[in-house]
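So that you can tell them apart, the chains are marked A, B, C and D in the order they are listed, and the count of residues begins at 1 in each.
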């Protein structure tokens, strides 16, 4: 586990994720990043699907994604994450590194806010789970 | 509108739907077929998302899809549908033709059943809307 | 056609694009934005798939996407685009508006660079087609 | 490893694969099945992307998929495969079982043919790798 991050998850590119250029389609990286966030949230006790049924929704307000090195069919990679609070926002710093050479593939900041009972506000459960 | 079908919908292939062979990925045809069914259901007064909140779910029990001619980036095509009841099942005969040459691309039978209040049974709303 | 943009394309949300929150999944907006760019490029005489076979690749270097209003099942929307050159980069300003109320759904800047024969450089064909 | 199959691969459902019914979208199972086939082919020495560049294409001619039990967000499952030749066709029997209860989720027969240098014929490399 890399010291600069709080969580990491390994993946392998699947052929159906590649487009006619033979590389992972840009939108698929958002899927990887989302899956990493949701698995991270589960690892700190938050279940995205359960939260939804309890009236707590975590909403992505902004996704700023830099595409550094394309991943190709069969590539393995690790998706790493750290998170900081900034007022009402939670900023997920999410970076993807190709394996085994650790070349940076994606550098992203995903800005998330929580909606509780239909109102934009910091969810106590969300904050406590993340900052503990 | 082709006389052998009850409904049809035109589409255009989007580049992100193509895989590294440069053709539409097989799984994407299921998306086309699903969207055609849902638009058909809306056209006869059934809204898939609303049905779901009313406790009526239309579930695909079987998808039998023959891949005849691959669609490529930029291809236009028409997705046609007819439906018949067979006991508890609704069989959607769904065929996709490339445009403008009307070459058969996909020949599919999608077997659907309805679940009402958690039980497998024919939904009256569903049946009446389809057979009228 | 809105005067502030160079190109626009209408879409309708498909049910399979919605996630368990009942709204369009974040990554799907990148698909909408990509399809809009590719259709725009075709409209000015550039074919993305053909360019690829000629050794010209347009690569997204950065996607900065603000999510303003979620789109839901069945929503119609228009995806608008304008583009400016900034050194080696082409910046696509891409905004999505829900229809018919024209509420802003997505505000994005997609930074693209071109690779010709394996080297990062401005493609003449690309530039001329866009700036004409 | 289950004795009735030649290959198996474990997966975990990702939230973005679930639709507004809260279950894995039907088309996504085709992605799971494809990824399983491609990983199996690699395990016997065949690389789908490399085959493509050598003029050998494995094409799905028919997908017959029975949907038995829906998978939900977070479910783990195993995708199992066996294959038999039938004339020019290779029939992949592919079944998906939910874990840990081994409940059958998907029962599918994926009929594949090989195209060599543009002609429909049995690829010797493909056949030998599969039957060895």
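The rule is short, and it goes like this: a contact is a pair of C-beta atoms (placed from the backbone, for glycine too) under 8 Å apart; a residue touches a chain by one contact, two chains touch by 3 or more.
In this text the structure is predicted, and so the values were computed from the model without any measurement.
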Could you quickly compare A-B and B-D and let me know which has more C-beta contacts? B-D
Numbering shared by both copies at the chain D-chain A contact, with half separating same from different: same
Per the C-alpha centroid definition, the whole-Å distance linking chain A and chain D comes out as 28
Distance from the mean Cα position of chain B to that of chain A, given in whole angstrom: 33
Centroid distance [mean C-alpha coordinates] between chain D and chain B, Å: 22
Multi-chain contacts in chain B, i.e. residues touching at least two other chains, fall at 15-16, 18, 20-22, 25, 27, 31, 34, 49, 73
Seen from chain C, its contact residues with chain A in the complex are 20-21, 25-28, 30-31, 34, 49, 52, 57, 59-67, 70
Quick check: in the complex, which residue numbers of chain B touch chain C? 14-16, 18, 22, 31, 34-35, 38, 42, 47-49, 72-74
For a test of understanding, state which residues of chain A touch chain B in their complex under the given definition. 15-16, 18-22, 25, 27, 73
